[in-house]
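Both complexes below contain subunit A, partnered by subunit B and then by subunit C.
So, the complex of A and B:
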């Protein structure tokens, strides 16, 4: 007789978890997003979001913050990860640790400390809210970019680079033609891990005294004024944008990284 | 229908904890009382031994255990019944309301006046029983001790024909004002809400990240000419007029306020939820829109760091707010045991000595004046009264300061150094008579009885913040509960203020 515990039953807790904490909340969000206060199907919330210059402005503002944060993170993280994975420090995991360790400390604590340093340099923090927001976000999210990049660069076989050099490619050529394409999966997962939270992490903005809303704070303000419908529709819009973004980057990763093996 | 079932399911998922606490009191003989209060809004006990408040030989007030624990014991001693309090906290009125919407059940809660009115409008609260207001019963500390001033302000408030005074028992009250650093900000600047737009203090002021408080401050700026006009000030129904202007929510007013708040946003340091207190103490900001109780806390903290801060309630008028206990229909229902326990809790925290403990612990001002008991006034005198003659205790302190390598208080050290062997007379510190009779008594001549001799600086500091003089409270209006439609308009306005305006990129 076959054991009662087969693969399917083992998956059951996971399925229950998914339904309770992923599927069900999604349904609730969509339900509230596309109904009005009295429970009737309505696209008014949806139209209201795209109809207002201010809310669309907030979406743009969030995207700009997220894009800049992601790019800066990438520019800093890529060389760092490369040196850690392939340079003189490779195999010395202690150095990687130094970069990842900040993740172990609560991020509000890190930002509070950073805030003090910044105000020593700048004086009045409120004078440069945008710069400070980007600075703190980059600091906050950098380890999330380094880790996936490091992982994908360590997997990269060193012989490819050597082969490229043997065939007469200069290092910039190797970088462009070999290393970069092969590390696309790492870039994609790094970008996803930074871009999405950067669009909604309003705690950082609050902490550096940036009084302009981003998507996260906009959603929060609707919920605190008991307007669940408008709050939910914005969450849903964000969800769709993120879905679209993941789909696009996913395809990119498949195209570039797929032919690796 | 559908909506109901959805809320039902989400309540099941999110509020399971609340449901498990729903045990019927009869089974075990222990009444379970679920209380929701603001964070850090009650004495949690555990005071240091030096903190004992010794008003006279007979009365010593000391917070050994938490107020909640003391209540459970007191209830058993007084009524012979056991009660178990499940105490939880909330951070904003809206948070409490949302908690209740998703299925958390409480028996007793302490929201602010406008939320109380909203709950009354939605029929979610119960009336206090007649026995609660019976002044013959000596255990009815609330009915016996509530300040006549608070009572008067309560009496004017009603919504849909319901009188607020029948549904709410005052807990703490205060004003909205400006904490400022007198080294950089003049008294005149701080006496006006225009300070928010003051270019000389650009990016050095913080304002509350709250729609209602910001709306109130902006309304004061918008109507300042009318509010300060002789016509209004001398009119017979001044208080009604004042309240009317601060509660205007028509479209023109909301539009005008949106413009003012946008300018404020560009000028202020930030919209803060909690960082303002610390930023005042560290000197990051020079002025801060603040509730009086938090102002007291901020001033106390700054004193410890050797920074002197002041508090002012702007001249054009300001907000008088209060938080009060309400009995929640969902939780109490028909359960008379719960009802009795809930009302007893309100009475317990209204006991003069407990009101003092809470005030001492949290810095806010109790709505209780003590009735026939002089305890609360004595506490004020103990806390703020200037020592007319250096009494023994102070003498010892000065001697101690001479020995100590570092004198804690710079003034005292100076006095000790100048060679004053006898007593400190504080000649440079003038004392004034500070009268707050209006709070303690209805009588015409109340001011004669309820005066404190205090240091002059206290008229701009903690004492002023905690118990403002009568001319200040008379220009403070209560901000009422807006209709849902007005609320939606104001929230929309707020989102417009806070959201990024793309036209700014092109407009410079």
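So, the complex of A and C:
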């Protein structure tokens, strides 16, 4: 039976699409990053990035924002996910949905809501740029941390926890030696889903009138001034960071977390 | 320890953090007040503005049409890709999976910017054609369709496909009548994921959209940089409507899931 369309060739449109619009753009980004305006090979863009106090400062500031946002999310999400998966609410199936639901409401509208409340409490939002940024980012990304943690904790066999208690471990000991190590995949996928957006989601800063820059805002401002080469440099640096991050976490993560930034 | 009051307090606090802003905004969307904190009269004027103001109406229909179009395209591409990759050699399949991870792991800013450079700067595609926007969002959504279809293929009983062939089906028929129905739940959830991603996207849209076109995200962000008060408060109404739709969808899904569970018993 001759047939041109067999099962394997079904992938062809997707493969072509991926090469054209996922692989090609990456190559173009690298090309623009490593050339100057007239198309000659040059490392000047990178040298300029790492030579300027403003841009290096932006990189460090983004890392600080991202680390703090991720830690705060983790500190809030871990107990929440634990209580939902193994604690007082473990029999209430579907209750997790209530914590995941904000993911489906447009994030700009949610930040608008939070911003109105913050302006009521603080008066002038520009007075506390750092606090407001962290607060809004945690608000935005918390569901993305709760979900993978819940998925990981809910798979954890409760008899391990009970066995640990029976053998005389206190709860903090069980937490440190049994629960935490077994939930590492969840932690890893939660961190992946929060850390990177927190480094790049500059709209949150814009919306709360924070005039400082993170890595994403640099791309935004180069985009508005049609400076493709410098924009590509920032993208290339972010790509390398993402690559590094994926390599590091890929080893830790045995499972793929559900959900999405 | 199961009935620990501390645990309930914690859960309540987290819920308050997540929902108090949305609920306060929802409350004020039904008043004629333009600032949170000062209660005036009850009014539907925000809802009226939302559905009568041309800019708001075209922004909402534009967002919905874009999301539906992009999701349909992503679902077809991603499903075909998953089926094809599933039956391909291991090397090819791994290459596809690797490329598939790129938009998933990448920051949306970088995805949007790179698609913009390729299509608008290098190939000089006119933004006004919507082609860069649709392609950009499809790049974002398709990998998630792929990821939700693939587990269904892995869990599928392959003997059914072989049986269909033995009973005289052409491969195309067998695929359409045997494989597709089995992976349908994955296709549907991939489509839903694509819809929510497209509706929530800001970065890819900003970098690839036509100058005069706005989705909810880009519109709201522009509005925070100084919009008329009536527009600003109309967005509170929009936020409330979306919240109610999401709540209704979640309740519906839970009821359906509960029903399915009871049927099994």
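Operating definition for what follows: the second predicted complex is superposed on the first by the 237 of 261 C-alpha atoms of A that agree within 3 Å, B and C clash if a C-alpha of one lies under 4 Å from a C-alpha of the other, contacts with A are read in each partner's own complex, and residues count from 1 in each chain.
Following the convention adopted for this analysis, a residue touches a chain if its C-beta (ideal position, glycine included) is under 8 Å from a C-beta of that chain, and two chains touch if they have at least 3 such contacts.
What you see is a predicted model; the values in this text were computed from it and never measured.
Partners subunit B and subunit C, once the complexes are superposed on subunit A, run into each other and clash. Applying the stated contact rule after C-alpha superposition, one finds that A:108 touches subunit C and leaves subunit B untouched.
A simple residue count on subunit A separates subunit B from subunit C, and the partner touching more is C. When the shared chain is aligned, subunit B and subunit C each come close enough to touch A:206. In the superposition on chain A, contact is made by A:220 with subunit C only, not with subunit B.
In the superposed pair of complexes, A:122 makes contact with neither subunit B nor subunit C.
In the superposition on chain A, A:53 makes contact with subunit B only, while subunit C stays out of contact range.
By the touch criterion stated above, A:28 is placed in contact with subunit B and with subunit C alike. In the overlay built on the shared chain, the residue A:61 is in contact with subunit B alone; subunit C does not reach it. Once the complexes are superposed on chain A, the part of subunit C occupying the same space as subunit B corresponds, among 42-50, 114-122, 150-158 or 168-176, to 114-122.
Taken together, the two structures place residues 24, 28, 119, 206-207, 223 of subunit A in contact with subunit B in one case and with subunit C in the other. Residues 20, 24, 28, 31, 35, 38-39, 52-58, 60-61, 119, 124-127, 206-207, 209-213, 217-218, 221-227 of subunit A touch subunit B in their complex. Against subunit C, the residues of subunit A that register as touching in their complex are 1, 3, 5-15, 17-19, 21-26, 28-29, 32, 76, 79-80, 83-84, 87-90, 94, 97-99, 101-110, 112-117, 119-120, 139, 142-143, 192, 196-197, 199-203, 206-207, 215-216, 219-220, 223, 228, 231-232, 235, 238-239, 242, 246, 256, 260-261.
Against subunit A, in their complex, subunit B makes its touches with residues 1-3, 6, 9-10, 13, 92, 94-95, 97-98, 101, 203-204, 209, 211, 265, 268-273, 275, 284, 487-488, 491, 494-496, 498-503. If you check the complex, the residues on subunit C that touch subunit A are 1-4, 7-8, 10-11, 14-15, 17-22, 24-25, 28, 36-37, 77-78, 80-81, 83-88, 92, 96, 99-111, 113-118, 121-122, 135, 138-139, 142, 144, 146-147, 170-172, 175, 193, 196-197, 199-200, 202-203, 206-207, 216-217, 220-221, 224-225, 235-236, 238-239, 242-243, 246-247, 249-250, 253-254, 257-258.
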